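My questions all concern the structure below.
Chains here go by letter, A, B, C, D and E, matching the order in which they are written, and residues are numbered from 1 within each.
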Amino acid sequence: QAKPAPKPKTELHVASAADMQPVFEVLAPYFERKTGIHLVINYGASSVLSEQMISGAPADIFFSADYVFAERVVSSGMADSTDAIPYAKGTLVLWTRKDSRFNPLHLEVLERKDLKSVSIANPDHAPYGRAAVSALQKMKFYENVAPHLVQGESVAQAAQFAQTGNAELALISETIATSPKFKNSGSFVLFPTYVYPEIRQCAVVLRSSPQRDNAHKLLDYILSDEIQAHLASLGLHPIK
Amino acid sequence: MDKEALLLTLRLATITTLVLMILALPLAGWLALGRSKLRYIVEALVALPIVLPPTVLGFYLLVGLGPLTALGRTIIRLLGHPLAFTFSGLVVGSVLYSLPFAVQPVVAGLRSIDPRYLEAAQTLGASPSRVFRAIALPLVKSSILAAAVLTFMHTVGEFGVVLMLGGGIPGRTQTLSISLFDQVQNFDYAAANHTALWLLLASTIALLFVYGRSLFRRNSDA
Amino acid sequence: MLELTLQGERGRQTLEVHLVIKQPWTVLFGASGAGKSSILRAIAGLWQPPATRVLLDEKDISHLSPDRRRIPLVTHHAALFPHMTARENLLFPLKGESTALADELLQRFQVEHVRDSKPATLSSGERQRVALARAIASRPRLLLLDEALSGLDILLRTQLIAELKNWQADSGALILSVTHNLSETLESADEVARLEDSRITQVGPAREVLSDRREHLLHLLGN
Amino acid sequence: MDKEALLLTLRLATITTLVLMILALPLAGWLALGRSKLRYIVEALVALPIVLPPTVLGFYLLVGLGPLTALGRTIIRLLGHPLAFTFSGLVVGSVLYSLPFAVQPVVAGLRSIDPRYLEAAQTLGASPSRVFRAIALPLVKSSILAAAVLTFMHTVGEFGVVLMLGGGIPGRTQTLSISLFDQVQNFDYAAANHTALWLLLASTIALLFVYGRSLFRRNSDA
Amino acid sequence: MLELTLQGERGRQTLEVHLVIKQPWTVLFGASGAGKSSILRAIAGLWQPPATRVLLDEKDISHLSPDRRRIPLVTHHAALFPHMTARENLLFPLKGESTALADELLQRFQVEHVRDSKPATLSSGERQRVALARAIASRPRLLLLDEALSGLDILLRTQLIAELKNWQADSGALILSVTHNLSETLESADEVARLEDSRITQVGPAREVLSDRREHLLHLLGN
């Protein structure tokens, strides 16, 4: 039984908004290869995560899907910066399955009277949910859609409702819509950016983290020109 | 306090408990008093829904009852819409999730009945189903009570299945547990405490009512 | 008429019993552990060893379940349903038929005073009487009594035996009873069957079959 | 399959079941056989943890055991760290959450014991505690089994409390239910199915083992 | 010596009993429902009506719980612990003391053949004998028997009565028994107490107290 023990990996605990899941899916292996740091990521709705941070959940860095929830961690004195640090801008899209009756998809389907169910993320817990409500209101779809709205806890759950065919349409993040699984099983259209407040995704490094260096390494990596330039292909816009 | 959510929750818990008692009592009878060897396998299967985290159970129901499966398509054809995001969908999920709590205490109770009562009823000409209804069930009423209380309370507190299957539609699928969760999430602790307190109070009163009756009944014993 | 052919393992022994009952009241007599209760259970269908045949009035009932046979077995345990009052216990086999019969039976068995009591608060003799009345209420062709009268004092027992014999005269039903009580046997039995060494060794009038016990008793009584 | 999570889950479920049996059996005995009028109130209280959604229960534990309360500060002083986000914290949460499932079936069983057995033991000189241990408990072993199975399975599937109180630290607080939930959330359905299947299989085998024993035991009856 | 002063409601009647027991074996005789079992339960401490005094060997045990009194009550139900074998039932009051005593008792009560059987598979007479042996194993000062010998055939009963009397002679223990069986009473009783109309109306030798029953029985036996 004398197997040599595997070299202990450096693990960084990341709490991340659900929309970032497909992004880290792509970036994490690169980052690990480059730095030797393995990312252990816990995804959820931004508000749920921020609350766990504030209650002392032992994460090293928190990627929120907006400014508010990241700032909440800052204002409770748990961040190592005086402000939340923006790292990307998010985009809201309308998604439907390939076999849905709304193809070819365009935003005006939200005006149809025979809608059955449209899923969004919980507007109180998830920034993409808040953006979705605002977009529906600005475009005057809200009255028509409201009776058919169903809410997922996070943007990922909202996407899941539509992907499993239970909801016909979903207002989700472009990051999820462009991920391979969703690209293969459905199609999406963008909302014009002026119909919802900018989704300014911010991060904070936790002051209590024993590896703030490594956490900053990750944040710097995301903010590096190379990755920022790459973000568009992952459904995000660069912050600069 | 979200009155709409409270009423919805009570309705869901009541219907789930009723449905489960109708399903669970005969099932428990077959498991405890039947002779088929199959029942040991069924007994193991009945306990299974609880080992899946409720959210995962909810997810499988979401897929299984949705348009991606034959079962789901049949349901959609019959109802005109998927079960998900409807009150009936929540009932289905809650029934499945609470099944073991409804069945197992009753099975255990039935197993410890003195067989002489059942034999006496048989030799007096009572059919198996009459023996079960008129003798066995009344003899295990404390176990049935325990099962019903567990089922009801468990459904009141049910969260994961509702979260996955409900879609949080106020008045239709947003139960008190979801709105309580929301309040906590929104850092609205005052409201959350208020709701939780109310929930605990209502439940305590309901339970005292259930158990308090024994308080008087028991007095007549020697 | 009852005809029983039974072969079955019981503890260390194998019962091999052939028993034909024609007299209205037959008492089965035998030592403790001889297999008397097992025989009654086999007749009622509560024990079904493979090679057993039970003929009741020439009809083969061997493969019927106890509820189809409908042969009540009253034991010392009485097995009154604990959640029902005495009267409700009687109404159980009557299935909502006239409650007048239940009340009449309670009276005939001298337990009308506990009509609305639960079994837990009855004395053991009261319990036995309710169980007897309940068995009669099911209108059986054959009634099995396993020490069912042993909890009663002598005078009451005499009255109940008379009551049961009246019922037999009216209905033509048979009784097969087990008891260790000699005076009870002498009072009730039209015929006694003796179970010894896993077999029925003797059938006949009580005085003959039980002559040895009778001597013992007479001796005790000081004659 | 996340082997680390599996082991952690089994460890949590086993310890929770053991702790609960140690707590629940005497408690059930007192509730079912005791004479104090207080017990009807306690019985109602015992059922309460389940009416709170697990996430909310978890949240209250998070706050209650954290540095904001006197209890929490005492714990922190004793342990050097808060209970939340530790394995012991999960045990505390799970024990509380499963308490009713452990207590109620046993109470129901004890209530239906024929009192003559307990009386006989008393008149032979056995103390109340010996009567309870040597007579009452063995007579309700099928109810105890049901309670233990429900507790174990329920803890395996436990999600809300672990989510709130655990923080999902692999190897320490990330149970199978959390990693399964993560897999579903991450759209990694193949992995989720794999995990779920494995969980169901392991549980079925465990349950068949538990119930299968009766399969042989029962054969000796008449 | 046992002295009992009891006052308590039982069904429709109020028992008012004063009973002093000095003879080794006393039989309590009375009609079904008279209150005999209630009296035994009061002595054992299983029924504690407020105005009751129980003196055992001049010691007031009225306020002791049944386990502190340690007065075993053997009923027809036997109440053998169903999850234990016959032998384990005997070992229960012995609490890990020498198992030899358990085996000896099983033999003396003629149930060594069911030593390792569970109660469910015993005949009722076997169950009674194990229950008697178990009660003896607890080494009581006073033993209460409520129709505990009624499930035994006459010969076996005679042997067990002798066995119990031997035990009494050795240990000096008292027995108070209830039975409706006249021959059992004649065989066992040093004294008979008669319970009538909620009171003890007569105490004395069996032949005197039960002379009317004796006539009845002699008549039955055809003398």
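Note that a contact is a pair of C-beta atoms (placed from the backbone, for glycine too) under 8 Å apart; a residue touches a chain by one contact, two chains touch by 3 or more.
Nothing here was measured: the structure is a model prediction, and the numbers come from that model.
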Contacts common to subunit C and subunit D (chain labels): B, E
Centroid comparison with subunit C (C-alpha atoms), farthest chain: A
Inter-centroid spacing, subunit C versus subunit A (mean Cα positions, whole Å): 80
Subunit D-subunit E separation of Cα centroids, rounded to whole Å: 45
Distance from the mean Cα position of subunit E to that of subunit C, given in whole angstrom: 26
Per-residue multi-chain contacts in subunit B, two or more chains: 59, 139, 184, 222
Where subunit C touches two or more other chains at once, by residue number: 75, 77, 121
Of all residues in subunit A, the ones touching two or more other chains: 157, 160
Interface residues, subunit D side, partner subunit B - complex: 37, 40-41, 43-45, 47-48, 50-57, 59-60, 100-101, 104-105, 107-109, 111-114, 139-140, 142-143, 145-146, 149-150, 153-154, 156-160, 177-178, 180-181, 184, 192, 196, 199-200, 203-204, 207-208, 210-212, 214-215
Subunit C contact footprint on subunit B (complex, rising order): 116-117, 119-128, 131, 134-135, 138-139, 141, 221-222
Contacting residues of subunit A [partner subunit D, same complex]: 11, 13, 18, 21, 25, 40, 42-44, 52, 55-59, 154, 156-157, 159-160, 163, 179, 181
Residues of subunit E touching subunit D in the complex: 44-46, 65-67, 69-73, 75, 77, 79, 81-83, 92-93, 120-121, 134-135, 138
Complex interface listing, subunit B residues touching subunit A: 59, 62-63, 66-68, 72, 81-82, 84-85, 163-164, 167-169, 182, 184-187
